[in-house]
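Two complexes follow with chain A in common, the first pairing it with chain B and the second with chain C.
This part shows the complex of A and B:
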């Protein structure tokens, strides 16, 4: 009996610090956030300001705001491109460095290094590359002189700016995803390949019939990671494009590469509409949950079929 | 046979070229950290005339009051190390009692932690600020604009994944070990500190690395908690402030970036094996 009491005391004692922090940092702000999104919450502590329940008004104005809709579209585009390009690059890199190349261990480390560095810092390096280094290459090499033309600056157009975000995203993340693929590929038993070779399968058939099904489980993870990472992208967005260049959407001038996180941030802090920014964050959360549940379910199903 | 060999060497060459291309941004960063403001914009792709410039630039960043590199570096160290230590201690303790207790409440608590991993930072960030402000008004405890507030927040945001990872690892430790210790008269807390804790070092390393890279590089949370232009700032914040204040002064911005990157690269090269293993293990578990 005494032992029971002691055990339950330790149980709560060991849980107390994390439960306390968790409630203070996640649970309370989470429910506050959902509550605030239905009010006229405002950042400034103005005198005689009273918090009022205004129902779905913030959600309605958000969904009616061209900048938010545009941001949703551009984030979707960016996410799809990013997921495809990162995973394709990572898989190719993983296949290459698991073959018997001479410098394969150095390659692994090299491809992985950008992942250690924060998106914010990376964004500035690439801003310099796109704005200064590429035009300089254009000046030096006649064949690429188009690059030197100020009109062709990559970050001066919306389409190529999105491409730039994808390039930087891939550069940062492909090495990490590659490592996950490597772990999966190296987990495939060698005997399977030997058997296939004896049966006369060529390299491509082996890849399609052995490697792909065997790494299917890794696909679920890598797709999930890249999807969530791309959808939440903020740091690179801030430092590489800062939302620019401008664009027109439904007759409204707006930031051409303002991804959702940046849109939420700007709505709250630049436009000073805290409650509406919060409502957008709630929508963002709901979409993220739905999309990632759907993705994991589909991938799991595919895993079984393979 | 000759065909395969030829293909192999073509692959070898292509991979090498891709590798060089991949690391080219770092090369561009380094050569331009050794130029003055004129040649950095005029000749960004040529080698620097005088490599000694890099020390001049480093010195001017080191002493620049806008970036205050030494104090930003110290803040980053204090926040990262502080957060990592408390995350690891508290999460491993919590995970252990959650694994070894089979009650409904224990399962429920674990489920909540796991479910919380899908909550994106964006939905809690604004209310978190106003909540911290309220805490200050009521108790006088200052969480905004301080190291402590930032460390406390990192514990909150980092513990779900950390508990989850410790949980998975502890489950694989045979319970007989603890039973034997109990029979020998070991108290519950002694069992954890003397028997379980020493077995956890591989998973401690993984959790340290995963959280360490995240916290060291994180921008948005410090931006919100510490604020812009605060005396207390982390390196990513300092770099962002600096780049905002010195628009187009690429010689200094790039040097600041170089100085922000060097500590991570050194750390990585020293602990390379553990880092790669740890990050892959982390992703597969989650």
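This part shows the complex of A and C:
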């Protein structure tokens, strides 16, 4: 009995530093944030300012703001594209590097490295590629002269800018997701493939009937990670497109690639409405929880137990 | 189990107190440490050197923090974060009335300072002085004088819309001869809203009006739009966009915009005298100066000159006296003057300072100011929200060609009427 008490004391002792940090930087700010979203807080020294409880006003104005609604739509579109492209790319890469390819370990490292570069840096690098490198290629090679035409600049149109965000997001994140797929694929027992080969299954059938169901557990994780990552996308958004180019939505000119996180940030720091930004963050959080719970539940049903 | 939880909670609380104790160290001793936060990364080094020199003179330490250089990371955001954290700097920057309102509760009245007698551009509200002008800055249309000479255009003639129009057309037809990509280097991309929705927008607000005249601003703030003035302004915006390099215009950033002018790829640049250091580092040696904006059909003979930002002192600071002395010494010591003019390359806002900056565009601003041909900066009478989130996308759409001039006027009118 005594021994057990001792070990649980040690358990808590070791947990304490992490728990402390977690409570200080996640739990407390989270509830403070919810509290502030119901107030007129602005973190400034305006004359005659008093902190007031204003109920759901922030939520109402947020939902009535076309830029917020537009951000929701464009973020959803971006997320769908991003989840599909990242997972497809990652799965293909994983299949390639788990095959009997020469130098496959070098490829693994190569595909993973972009994930180690910070999103801001990555965004600026790709901005340079889209704005300067591609037109320079267009100028140098007559066959690709279309690239040099300013009309065709990728970041000058909303549609292609979203595509650019997806390309950069995939470049950054596919390597990481690939690692998860590799672990799952390597966990599939070789005997299953051997049995299937004896039964005369071809490579595609083996992939569809054995690999896919066997790595379904990995799908749950990768889908969740990419979904959350895409929804919360901020750093690449800021550095690559800064929200531009602008678009029209419900007769309001607004930033065409302003994803939700950036919209929240701009509301807080450019509009100087910190409490309203906080309210948007709370809405964002609620939606994200619902979407990811639905996604995990659906994915869980598709998993097979060995 | 419950007991253990209590132990954990107590431990957590104790650890918290350790952190709390750390942050509350009080400054004892005679020498003070003041924190200064400013928004010009380009003078960060010079300011830190001056702070060190000042430390040698007075024994007081100044910690310089510089935040800025982009429209997505600004001083205002950092101030809010620091204010929420209870870590407000002793000296910080405001740009105008909207910033003043934001921090009104903690801005110290500086009316009795010595320097207030030596400047005409201090930030005043209700007859009291609150802000120490950092410098005088100005913008107009910066031109490459060598190219204008080659094209036979007299820069003195450039002071209204039609003069600019014919000059632009002539220069455009000489593109190959002059070796330029475009006539004007203009930027309206998503990061460049401060060029369009702040600086260019000001042409609508103050061009041709007496210095300090807020009549147009006040009308607009009431939602009343002068259709003729706006339509002439729209002509001007269209002209600038039409003769700009499309790539720089739609997706370029500060470097590509200024770079195009510095490397002789454009004749005009829509920026202010703060590009002097950029010109120097790019090795641009051609003769350059400012011409007025052509946002009106009648002649407007002057450029936009003002103090862009002001140091204010935090009235809740524990080191108010040291902070006051720091600002005074900047104006009245040789070290301070040397910093402002020679090291930071700024145009001094103080009459007692006899030094002159070496940059060509700064000299041009001084020349216009000396002749009294100046128009005010009125854009700061509109909120950052309105300029960055409402107007900037409209300019961006016009630049991208997704809307035409009529639609531009309509959207601008709607936006301005929405101010009511």
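To be clear about the criterion, the second predicted complex is superposed on the first by the 279 of 306 C-alpha atoms of A that agree within 3 Å, B and C clash if a C-alpha of one lies under 4 Å from a C-alpha of the other, contacts with A are read in each partner's own complex, and residues count from 1 in each chain.
Following the convention adopted for this analysis, a residue touches a chain if its C-beta (ideal position, glycine included) is under 8 Å from a C-beta of that chain, and two chains touch if they have at least 3 such contacts.
Source: prediction; values computed, not measured.
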First, second, both or neither for A:292, with chain B first and chain C second: first
Touching partner for A:138 - first (chain B), second (chain C), both, neither: neither
More chain A residues in contact [chain B versus chain C]: B
Chain B versus chain C as contact partner of A:66, first or second or both or neither: neither
Touched partner set for A:238, first chain B, second chain C, both or neither: both
Touching partner for A:176 - first (chain B), second (chain C), both, neither: first
Touched partner set for A:33, first chain B, second chain C, both or neither: first
Which of chain B and chain C A:213 touches, first, second, both or neither: neither
Touched partner set for A:274, first chain B, second chain C, both or neither: both
Contacts of A:19 with chain B and chain C, given as first, second, both or neither: both
Contact residues of chain A, present in both the chain B and the chain C interface: 15, 17, 19, 24, 132, 238, 274
Of all residues in chain B, those that touch chain A in their complex: 8, 11-12, 15-16, 19, 22-23, 25-26, 28-29, 32, 40-41, 43-45, 86, 90-91, 93-94, 96-98, 101, 106, 109, 113, 116, 118-128, 130-131, 152-153, 155-157, 159-160, 163, 187-189, 192, 213, 216-220, 236, 239-240, 243, 250, 253-254, 257, 260-261, 264-265, 268, 272, 275-276, 279-280, 283-284, 286
Chain A to chain C touching residues, read off their complex: 8-9, 12, 15-17, 19-20, 23-24, 42-47, 49, 67, 130-132, 135, 150-151, 153, 155-157, 238, 241-248, 253-255, 266, 269-272, 274
Touching residues on chain A, where the partner in the complex is chain B: 6-7, 10-11, 14-15, 17-19, 21-22, 24-30, 32-34, 36, 96-97, 99-103, 106-121, 124-126, 128-129, 132-133, 136-137, 140, 171, 176, 179-180, 182-183, 221, 225, 232, 234-235, 238-239, 260-261, 264-265, 268, 274, 277-278, 281-282, 284-285, 288-289, 292
Chain C - residues contacting chain A, complex: 4, 7-8, 11-12, 15-16, 71-72, 74, 76-77, 80-81, 83-84, 101-107, 189-191, 245-247, 249-252, 256, 383-385, 388-390, 392-394, 396-397, 400, 402-403, 411
